[in-house]
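Labels run A, B and C following the written order; every chain starts at residue 1.
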Amino acid sequence: MSALPGAPGRTAVRGAARPPAASRRRWTFDRVSLVVVFLGVPLALYLVFVLYPFTQAAWYSLTSWSGFTATQEFIGLENYRRLLGDGLFLQAIGNSLSLLVVVPAVTLVLSFALACLLTFGGSSTGAVRGLSGSSFYRVVSFFPYVVPAIVVGIIFGRVYDPSAGLLNGVLTGLGLGRFQDFAWLGEPATALWAVIVVIVWSFVGFYMVLFVASIRAIPAEIFEAARIDGAGRFRTAVFIAAPGIAGSLRTAYVYLGIFALDAFVFLAAMNPDGGPGNSTLVITQQIFSTAFTQGRFGLACAMGVVLAVLTFVFTGLVLGIGQLLARRGAKEARA
Amino acid sequence: MSESTPLQRRRFLGLALAGTLLPAATAACAASGGGEEPGGGSGPTGEVSDQNPFGVAEGAAVDAVIFDGGYGTDYVSFVAAQYADLHGGGTLTVSPSTQIAQELQPRFVGGNPPDLVDNSGANAIGLATIAAQLEDLTPLTEAKNTDGEVIADTLYPGMLDDGTYDGRLVQLNYVLTVYGLWYSKTLFDANGWTAPATWDDALALGAAAREQGKYLFCWGKEAASYYLTLAVDSAVKEGGDEVRVAMGNLEADAWSHPAVQAVLGKMAEAVQAGYFRPGGAGTQFTAAQAQWSQAQEALLYPSGSWIENEMKSQTAPDFQMTCAPPPSVTAGAAMPAAAFHASAGEPFVVPSRGANTAGGMEVLRLMLSKEAATNFARTKLSSTIVRDTVPQDAFGSTALASQIAMLDAAGEDTYTFNFNDVYGFTSQNNVLWNGFLSGQLDVAGLTSGLQQQFDQTREDSGITKVEVS
Amino acid sequence: MSAVTSEPTRSAPARPERRGPSGERTVAVGSHTVLGIWAVLVLLPFAWTVVSSFKTNREIFASPFSLPREWRFQNYVDAWNTAGIGSYFVNSVVVVACALMLTMLMGAMSAYVLARFDFRGRTVLRYLIVAGLTFPVFLAVVPLFFILQQLGVLNTLPGLILSYAAYAYPFTVFFLLSFFEQLPGEIAEAAAIDGASEWRTFFQVMLPMAGPGMAAVAILNFVGLWNQFLLPVVLNSDRSNYVLTQGLAAFASQAGYDVNFGALFAGSVMTVVPVLVVYLVFQRRLQGAVSAGGLK
């Protein structure tokens, strides 16, 4: 079995398949007190600080509340009906879904590829062909992860500056004159990609380090067997390493997906208004401006409920598909 | 320090922990979250006199949340000593903020807003949202300032127009703002150029600029909508008050008005001719402004008069920043050449449920005194709405001097509009205008985008409208 | 790229080479090239930021590459004075560290019970906790504001710590659940036979065994808490209590109005450098934790 603590697909939501040993014992005071305290104290905090405010917000989504008055007027599902006809909101959903698909995929492929290079892209003679100097690369790559997202946003806002930015400086320096004054964040064709690059850039290193650990956890004999069968590095990566760390990949996918649906901080720093033709407008930005600059908190809460449902469906899908694959894999293994 | 911890509310703790999962119960809870004194702030408890027109109680503290932007907050703190002197040592606490809406929202809901708010900046609260919870400031304008003059008589004309909502004066914009085209008089004199009176003049100037490798205009992504302001300013000048009224009331064909279309057409010509410096849609706005004030790659920049203060560390030496009225389309425009867009910025409001509303008004009264207004003009190089606080030399500022000259020349011929702020259009305006100025969107596309925004808002019964006349 | 001493790879017996050494070397060179390019992509923006932080505005606008004519430390003075980054940094460290400990402890306790005890309502509780992962925070902040007010911890660091911990809790439980499920039951049984109470078993046996997983989740949590922006903006408006993200946002907005890009770069450097130092000092342990979290 691979993987970081997660691999939650199998068991996190459903009950454990086999009741753990401890649960079969009698309910003594010792056990009851532990359960009550261990669940009770955290859940109390969770109820008061998280669930209660969310219930409240879900209730607001059925009102025409401006967000600044002491009372709310109940209007039923009117806000949701309004959202269906709101072109801007639908566009924001589209953009968020693009991020949801692209950011995790690119991040995972890139970090997995780099992790493979580090673990068996070297010329050493062992079964695991580790690369010399790999710790240097790991240290460097991990670094963006610890920089506050707002700083990353500020820095890249400057990097992308059309006339004084690093990127166009490099490109025109290489003789690509047409990038003189090219507005990466201001052209509909490039804006969303420019944002995606920044998000991916800040996450790849962390997942690379994670995957290196997971790949090293795969029993060496499996790699050995593949080698004897004559598998090259690419085949080894795709057919041995990737399935071997499926749990880690799934967990990472969920986490990145939830993050991609948010993405607020990066966009607030780089394209606060929605970007060219609203091509970088995401749901969270739309919620934010609806709630605070337009003073339509009820409507914003309805958007929030939609986002919550999307996130919930996404998480369920990834975990559900993961579970399905794992089950089929187990069957095949038995056969 | 902006929030006193209400110890007496701890008794609600049990309630919050126990029965709060039922939405109905919780709604009631949030609604009553802190409003123990319904109906608003303390009435006058001090003695009302000319020196204390609002009856501030002896020693009453004032809690002010002030937007911390281009003007800072020291100009409000400036009157703290005077307030303490007049009112038995009462303190004025100024809390700077750049996130006005987020910070104050719960305080409005909870019924304990500050006594005075400068509701400005990118995260300001939409006026329509809180108008009903604000004090009518008419008594303030009717009161006498510290020099014994009635305040309304000391202001430039038209300065209170934007603050009226539903027939009540709910906000007072403190800083006089002159909108127009800004340029370097030094540069223009050296080349024998003059500020354009019509859009054809502007296009000719653009051609001259290109000959020198310069551009006519530049823009930044967060401030693309400055060009909307310029376009509307020009169109109102060309087509007269009917354009302004149609815009203000979000009328169905407001953007198709011939005067508006004529201006947009001229601007599109400038875009096509390459008179706009490329890259603006991806450039941070102050960086773009520095292309005009520092590198002088562009000749003109449309802006309000905050521009001088905003760019003061980024202006080339001997720039002689100067303002000109917006160009008209033809020489036969509905308004005279000297007419321009003047309004006031930095909207101050006094929430009705503040603990010391009289104190909030009193601080505004002190800020509107000759002394405080002159201090503002001297330190910020901008005029307040109070007349005659800028000396002849304008503290050595050519920008300020040119504004005063424009005001004198225009007399009553100034106008204003504020539909963007009222309805929160600025974000989408930026999106549309970035597209237009970088050539991705033509006049028809821009028009339909702007009109669509109008139509949606007008037909949305959930949005309160402000009638403009 | 410099060659740091090769990592001790897993104990793999030396095998005879299949390919010739030159083929192997080509692969290694290729790997180093790709990773080297990546390292440059990571480092270049930071290096550029450091250089730019010493330039005047005029130099910044003139050319992205020119070195500053004179190294302007004034930018750092400006950023420090305007932003008060030092105290924001301390606040951030205090809040994030406390919240992290609290949420890890609570998360581990709940995950342990939910993973290893069978009782009615367990599945419902699990769903309830997962639901907390899905909702955007900023719709919750207004009700949350009143809760903190009623508890008397509004605008205080403890209030912020409790909120941070509560919002990281569902995530923590979610990721620790399967970890506790996979711990071998025999050890707990052995402890029980030795007469250890459930409480002692958890704190002295199970929790230490979960250490690597805890470390990995803690690192994931860290970045979420470190970047938390809206909770402090609404719940912590007292400037002396500002955390770094708040301070930086306020600073970026002010630097925008002052048009001081040098100071903006300098402010960015000042927030990054302490994190960098901490990271470099602890990187071995940090990566060890991530690795250990993966090794099971």
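Some points to look at:
Assume a residue touches a chain if its C-beta (ideal position, glycine included) is under 8 Å from a C-beta of that chain, and two chains touch if they have at least 3 such contacts.
Please read all numbers here as calculations on a predicted model, not as lab measurements.
By the document's definition of touch, common neighbours of subunit A and subunit B comprise C. Counting C-beta pairs in contact, the chain pair with the largest number is A-C. If you average the CA atoms of subunit B and of subunit C, the two centres end up 40 Å from each other. If each chain is reduced to the centroid of its CA atoms, subunit A and subunit C end up 14 Å from each other. Within subunit A, contacts with two or more other chains are made by residues 48, 51-52, 56, 67, 158, 161, 163-164. Along subunit B, residues 16, 26, 30, 33, 102, 105, 109-110, 122, 284, 287, 291 each make contact with two or more other chains. Subunit C has residues 61-62, 141-143, 147, 249, 261 in contact with two or more other chains. By the touch criterion given at the top, residues 1-3, 5-7, 9-10, 12-13, 15-16, 26, 29-30, 33-34, 68-70, 95-99, 102-103, 105-106, 109-110, 121-122, 284-287, 289-291, 294-295, 310-311, 313-314 of subunit B touch subunit C in their complex. Here subunit C touches subunit B in the complex through residues 57-58, 61-62, 141-143, 145-147, 149-152, 154-156, 230, 233-234, 237-240, 249-250, 253-254, 256-261, going by the rule given at the top. The touching residues of subunit A, counted against subunit B in their complex, run 44, 47-48, 51-52, 55-56, 58-59, 64, 66-72, 82, 88, 157-158, 160-164, 181-188, 271-278, 281, 289, 292-296, 299.
The touching residues of subunit A, counted against subunit C in their complex, run 1-8, 10-16, 19-25, 30-31, 33-35, 37-39, 41-43, 45-46, 48-54, 56-57, 60, 67, 114, 117-118, 121-151, 154-156, 158-159, 161, 163-166, 168-169, 173, 201, 204-206, 209-210, 212-214, 216-217, 220, 224, 227, 233, 248, 251, 255, 258, 262, 264-265, 269, 284, 287-288, 291, 297, 300-301, 304, 307-309, 311-312, 315. Contact residues of subunit B toward subunit A in the complex are 16-17, 20-21, 23, 26-27, 30-33, 35, 101-102, 105, 108-111, 122-126, 128-130, 132-133, 221-222, 277-284, 287, 291, 423-424, 426-428, 430-431, 434-435, 438, 440-441, 460, 462-463.
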